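Both of the next two complexes hold chain A, though its partner changes from chain B to chain C.
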Partner chain A sequence: MTMWHPVALGADIPAGTVAPVRLHGDEVVLWRDEAGILHAWEDRCPHRGMRLSFGFVRKGRLACLYHGWQFDGEGRCRHIPAHPDLSPPGTIRARTWRADEAHGFVWLAHDGSESLPAMKDGAFTAARSIAIESARGTVAAALGIGQDPVLSRDGLICAVHAADGETTMLHVAVANPADAADAALWAQRTRDSIERGEAVAWELHL
Partner chain B sequence: MILHDWALDDRCYAVRLGAALMGRRLTIHTTSEAAVQGPVLTGTDGTHRGPLAILDFLARDTPWRVPTTSPWVTRADEMLVTFSDLRRNALLASMPQTPNPPACRRLLRMIEDQLSAQRHAGSDWIAGPDASIVDIALFPVAALSHDLEVPHDLFPELRRFIRSFRALPGFITMPGIPEYH
Partner chain C sequence: MFASDNDPFPDAHSRRYRIRGRFDCALFAAFTRQRAALLALRIVSLRTAPGLVEALVAGEPALLGMFEMACALGPGNCIVDDMTSEACESDRCL
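Entry: the complex of A and B
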């Protein structure tokens, strides 16, 4: 069975930008080309191991900051600035992850062939992704997130993922765009409550 | 005006960056003293010490100035100085240092929370509707936190701030803050 993990708000990765993500300690680079297509790869240049998330997007390719090697949307190396006349062999490629978007969240899967399960439709507005210095299990229990990766409650749509064993990212979206600012503050209060070991208060508007 | 400067110092960079963004010409005098005590600006208008005091002086009669009643002027000064101490300790350490120190994470979290509140109020900037000396002072904290191995996947607002800031006309880099070619 393919495990899909929500790892970011899609709105936090605009077209033409790059972002690092960690999932259970695995380092992944997310980048969106100018056309808006999202890519997820291991955050490591196959050349010298530099983080690709330090790189930048140029004409549908991700360029490594270190030596400028350019990789196309499939992860294949297409240009090596130090050898401009060389056509790089097809074996030089970044390791790809499977990425998809739903509910305003970016989802990653490491392996398996199943697509992201269909979710109830709805246009959601991103409010905030926030780091909580607590283990994922603690955060999920505090929020009442069970098997379903997305929790919908009181107009809030929440998802969590473990960045590492001690740090969890909480991603919050809202059904009503007018609630986004209050939801961002709610995320902040929720972070502080969980880190102090207190119960989560679900009142959105104070 | 002469800036007593050290190229690798984050506080000195904040001043050089501010001068570049405001179009103020400074004569750079490199001195290793600035690596310890931070930037000093001397000229016919007297001597100014400390990154925010110098930035505030350079920003006179410009929109970069923030009302001194804003808590963010003092706060940004303290935050940059704290960060600078942490970074100097990490870079000049003779023994391996623990990466991602809690003190640096706390600084970044303060900036992250403020940026989130500002974004939902319609601004990309820390202390008001427009970019100011507070943003200039805190940009090095955001952009050089890699030197303390603080992972940026935890701070999406900070990543957005770095992108917006880099797009400002006149933006300059320092070692550790890359140019994208």
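Entry: the complex of A and C
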């Protein structure tokens, strides 16, 4: 069974940008090419191990900041600046994750072949991703999420994922774009409440 | 150079590397294999002794250079004290 995890807000990765995320301790780089296609790879250049999330997007490729090795959308190395005449062998490639987008969230899967399950239709506006210094189980219990990765309540769409054993990321989107700013503040209040061990207040507008 | 009708690396060059240092030889040997695979290089021979890894490697010269640099640094927890590299222009290196 393929496990899909919501790891970021799609709006936080505009075309031509790169962002790091952690999932269960694994470091992953998300990047979106100029055409808008999202990619997810292990956040590690196969050359020297530099985080690819420090790199930059150029002409549909992700270039490592360290030595400029360029990788195409499939993760294959296509250019090595120190050896411009060399055709890099196909063995030099980044390790890829499966990535998809739904509900305004970026979803990752490491294993399996099943597609991201279909979700209820609807356009959602990204509000805020925020780190909570609590284990995922604690955050999920406080929000009433349980084992489901996403909860829809009072116009808020919340998703959580474990960055590691001690840190959980909360991602918040809203059905009404006018609520985005308040939802971002709600995310901060919710983080503070959970870290203090207090109950979560669901009122969006204070 | 290696050259024969059956050679999958007809344009390959080869170099012999002798790496001395403070490391687990099995760990370092595994690292050399992984690096060679990553760089599409062929390890013709690989032998180890305490504090020594010796590898004869064939492939594209630029990629051999990358392999050499990687081995000079080595994997974590390994210290390379000395490394030599020599070109092997004929089968006498085998």
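Heads up, the rule we're going with is that the second predicted complex is superposed on the first by the 206 of 206 C-alpha atoms of A that agree within 3 Å, B and C clash if a C-alpha of one lies under 4 Å from a C-alpha of the other, contacts with A are read in each partner's own complex, and residues count from 1 in each chain.
Definition applied: a residue touches a chain if its C-beta (ideal position, glycine included) is under 8 Å from a C-beta of that chain, and two chains touch if they have at least 3 such contacts.
Owing to the predicted nature of the structure, the values given are computational and were not obtained by experimental measurement.
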First (chain B), second (chain C), both or neither touched by A:Asp72: neither
Which superposed partner A:Ala180 touches (first chain B, second chain C, both, neither): first
First (chain B), second (chain C), both or neither touched by A:Glu42: neither
Partner contacting more residues of chain A (chain B vs chain C): B
Partner chain(s) touched by A:Glu195 [first = chain B, second = chain C, both, neither]: neither
Which superposed partner A:Thr17 touches (first chain B, second chain C, both, neither): first
First, second, both or neither for A:Asp26, with chain B first and chain C second: neither
Partner chain(s) touched by A:Glu101 [first = chain B, second = chain C, both, neither]: neither
Residues on chain A lying within both footprints (that of chain B and that of chain C): none
Chain C to chain A touching residues, read off their complex: 37-40, 60, 62-63, 66
Residues of chain A defined as touching chain B within the complex: 8-9, 12, 17, 19-22, 53-54, 56, 65, 68, 128-131, 133, 163, 167, 169, 180-181, 184-185, 188
Touching residues (chain side chain B, partner chain A) in the complex: 105, 109, 112-113, 116-117, 120-121, 151-156, 159-160, 163, 178, 180-181
Partner chain C, residues of chain A touching it in the complex: 46-47, 80, 83, 86, 89-92
